[in-house]
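Listed below are the structures to be examined.
Both of the next two complexes hold chain A, though its partner changes from chain B to chain C.
So, the complex of A and B:
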């Protein structure tokens, strides 16, 4: 997707150097219909994406107890409070733990499945792919609710673990402070693995068959062939896929809110739930304070997006270098 | 080697599997994992047809002694499913339409024309590509409130479809930029204006992208949770399926069979659409990623 952006930027050379004013006006008049075509996007995007992006910064400077009220300007007070707020740092830490546990698992397991499903000799590939992909299309909030049953002490997962001797006594995974966050991460990996697998399959299919054949002719076994031939070719995709999934791991409100609502005792409260609780869940909404948290959250995600752009640029260069 | 390949082609599938034990093992492993993968859905289905004590008491057995269809009736009536279903269909339909129309229009000019401000527009798209919903939700509610659209379907649809969705625009732009230039030139010679060229030539040509965008935005709108949740906090009548079901759970957390039935009701439509269109689904996502 970002590659698309790059392409748009590069395939169309920049507009000719600045023309005299009259030229600009004439161009604008001639192209009026282009701007008409863009109007819905510019208006909608401006109001619902760009405006919120900027307004959050202003809201973050307000003490603002509800949408019906006018906020009072308090400067950087919200940020000062936030940095001293243990619950904010708790949610920050939870998001980080979630990300570090779940993303490598999702990316790695999906690659493993994709390699097996990409083999010519594996039968019923389409059917298997459907099985793994099915959870992807389902509603995250409904999945969260359903797994409160599945992960309950009386539910099938606890029961199966006890019967197979892996657990001594039944555990309610979502109601235990030690397991709730990891239970959420596991459900997230389960739900989204299929889409990462499809990314990987698309990546694997960019590697021409001859590359594998050449390696085989040189006497490389499947293991060595993968390590020395396939893997290096996949590195650029690894960067992109990891970053897509990382951003995904920060956007888990629907699943986590319905699974644990951040509990018990804030043990699984991720940043988005902190923002939601502060803005909409409390009896007195703290919209300014929540906005400050949202701004910090946005900065983290943007940082990752920049890393993505850099990573993609680097990846494209290395693909280009190989040709 | 060639002989083996030949016989591979002529033998039936099961025979091929049997003659290659390694492949059979891999297949069995993958199948086992696949069954494990959809087990939660099977368990939910089974729980939705059991009695409360049966869910706890029957261990890992999946077959109910006697299916209790009444669970579904209870979920349907208590939840007010018909209402939520209609709400979700309206919101999803409106959002998909909005995204398709505005993305196709913008993608067309972005993909085929140079104009003043294009670079700025693309830069804005790049910067906001990964803007999380948790970041924008407060200003979006405030804006909707100012516009007087809070607690209206239009408010929810605009909130979901008017911003974001850069991917859809870029998919259209990429596709349109690859079409030959002569298409417009000959139409223009025939005296067609930009709008006619777009609606009668370009839009029909781009149907593969339209299908992809419809599928992806359908999934997005049907499954979305945060925005409809926030928008309907004070208006239970307008809840979507996802919001309604989770609210039901909050109020009836001890009724497991009812919960499972409600979850099944909510999951079936989107799964059915997926299974009917699965090839297109997977190709859409793979295609979007490749670009």
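So, the complex of A and C:
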């Protein structure tokens, strides 16, 4: 027994006593320059990401007119007001409608274009890629102003639709309560289509050519090959690309503000414009209330994302169980 | 190659320096240099200009694009030539951006020395109480200035000290029908034959639409504030006292003149007389399209010609003119406008209050006021200077019409020393007048009268809430601050009238 213990002791030497504090300090002293190089990133991230995030939570608890140096603590009063504010829910609904309409359209259309441009037989591929990518590098505000002219009742799009018989009379797409939000979504899809197409092209090029050839040898046509070979291999990319585009769809301030300014009559006011209008546009700016709107929107969006993840997981498990 | 020599080979006695250490030291040095160079972002003019009151830089922010050349030629250049130690850095911002820029600048201690208040002008007294500004009366004799009789407690003077001065006349409105002479002539309309009623104006617009390629009238509806102003002023021309009936203190947004004014605008649209893209335009877009000859009539403010001269002077030469604000029938009603507020304010952080006050005092003088008139922006506080100033005849005509059409309304902030607290406490009520009109013009099927009634009730409730909040803080102010029982709708409400109400 003693011998066994002795053997254990010699084969498994006890771990050295833990000295985390001294270790960290020693490491700091020894490799101080590593932390020095990290410092700008840490400071930048802290100042421009962490601090605004935490500050907005605090501001949300204040009654803070923009011209005052500081606000008065009012607890959850801003959130109570928000829950009863029809215009907050209107902008929330508009943001979700924008998301639901624009993201699938952008992802799907970009995939379609990427498949076309990935084919060997497609002519002028380089030119077409550049063409589709051009709006991406154009400023959102410029696009907003330009499309205001293109989409008004006297603009070429409305006139072309009237002349082709698709419309009875000219429509002011950006100034009609029924179309302004969708006009904004369409312009957003047009602007960002190129970058999503590039993502898809990169994804398509990860699929080995042999896989396509094998499917063709097995007698699969282009449709079946896409459905049963290409698409399943693209699913991981689909998740990432959809996530990126979803985040993008929640950052449409510049485009929507220049295109419609949230109007007419708040019909295209997305949550960012609501926050901006409350914080800066009102005659008496309300910074606390605007912060509460941002926080509440973030929380609800997070809740929806979690619910969606749970739902997708449940659906996958159900499908797996059925198999 | 020298770079291949190991760094460890150092002379005896020198510390060894490996590659990592070298990079570390270099990084530290670089950061020190960067930090040392980052000290110039937020200093006030006092720090950058030295401590002497006669030297330094005055930073100046405003939104007056038409005044750019005039300010430089008639104020800044002569002033800096007379005071060689002073430099003036003016920045012109879009009106929509200025309020936001000021809020951000305030929080980062980078407010300019002198600035306007557009976007934050609902209650200057609230900003004074929050210590945004410093008084200027101790640096210049404003009480002897030509505009002394237009300086009021609660608007420019607080606790006995002057913080700002009026530079523009209160006698103005922004529903002046400006017309394109060439287009009217093409349409067979004689501009001298003035359309005085709403139906007359409609007939002129129809004649233009029928006989030319252009539209009859512009009604830029993307900006609800523009619509609010236009409808309120048309309603006053139709007999409304304004947004508030000063004899009772009640809001009257749902009174018949307001409903009629909205219906008039809707009827112009229904008749196809409004430029088809108007709904997606802000006033500045409409101005550009008016200049391009796409429409004949555009109701806007007195700064119309000043703006045009800045952008496209040839359009002014082409021919333009203005009429008086039209009214529904033969009976004439005035448009009411509150006393003119202060325009430029001196930041509390400014190290040059004496210079700023001196500049503002010069702006109240007859020479500058005449130069201001010649820029053809808002009419100057000394309206009589327009008569002799070098201005376009249409601008002189516009200002002379104001003398007939506009009366000065009372202001609660002047009549009651605590009324500003209520104004500052009031939150925007939505949908407001502009949004309701915007909805109707965009084709939404709404009951305008019912919507206006809801808005009037909500506005009254919000004022009651704000009043209650202020009263809970122990401030003595009531609804009577909005009541001016001696107010005569067709007379100017003068400073002596506040005593007798």
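The rule is short, and it goes like this: the second predicted complex is superposed on the first by the 277 of 323 C-alpha atoms of A that agree within 3 Å, B and C clash if a C-alpha of one lies under 4 Å from a C-alpha of the other, contacts with A are read in each partner's own complex, and residues count from 1 in each chain.
The criterion applied here is as follows: contacts are C-beta pairs under 8 Å (C-beta built on N, C-alpha and C of every residue); 3 or more make two chains touch, one makes a residue touch a chain.
Given the structure is predicted, the values throughout are model-derived calculations rather than measurements.
Legend: residue contacts after superposition of the two complexes on their common chain; A:170 is shown touching chain C, with no touch to chain B. Of the two partner chains placed by the overlay, neither chain B nor chain C lies in contact with A:228. Of the two partner chains, chain B and chain C are each touched by A:154.
Of the two partner chains, chain B is the only one that A:59 touches; chain C does not reach it. Touch criterion met: A:280 reaches chain B and chain C at once. Residue by residue along chain A, chain B and chain C are tallied for touches, and B comes out ahead.
Looking at the shared chain after the overlay, A:69 reaches chain C, while chain B stays out of its contact range. Judged by the touch definition given at the top, the superposed model places A:26 against neither chain B nor chain C. Legend: residue contacts after superposition of the two complexes on their common chain; A:317 is shown touching neither chain B nor chain C.
After overlaying the two complexes on the shared chain, residue contacts for A:135 are found with chain B alone; chain C is out of touch. When both complexes are aligned on chain A by C-alpha atoms, chain A residues 33, 37, 40, 67, 148-149, 154, 280 touch chain B in the first and chain C in the second. Listed in rising order, the residues of chain C touching chain A in the complex are 20-21, 23-25, 27-28, 31, 99-100, 103, 106, 119-123, 126-127, 130-132, 221-224, 275-277, 279-280, 282, 285, 424-428, 430-431, 435-436, 438-439, 441-444.
On the chain A side of its complex with chain B, the touching residues are 1-5, 7-9, 11-12, 14-15, 24, 27-28, 31, 33-35, 37-38, 40-45, 47-53, 55-56, 59, 67, 113, 116-117, 119, 121-124, 128-135, 137-142, 144-150, 154, 156, 159-160, 163, 190, 195, 198-199, 201-202, 206, 247, 250-251, 253-254, 257-258, 271-272, 275-276, 279-280, 287, 290-291, 294-295, 297-298, 301-302, 304-305, 308-309.
If you check the complex, the residues on chain B that touch chain A are 13, 16-17, 20, 23, 26-27, 30-31, 33-35, 37-41, 43-44, 47, 55-56, 59-60, 98, 101-103, 105-106, 108-111, 113-116, 118-119, 121-122, 124-143, 145, 158-159, 161-164, 166-167, 169-171, 173-174, 177, 193-195, 198, 219, 222-226, 230, 233, 241-243, 245-246, 249, 253, 256, 259-260, 263, 266-267, 270-271, 273-275, 278, 281-282, 285-286, 288-291. On the chain A side of its complex with chain C, the touching residues are 32-33, 36-37, 39-40, 65-69, 87, 148-149, 151-155, 170, 172, 174-177, 260-261, 263-267, 280, 282-286.
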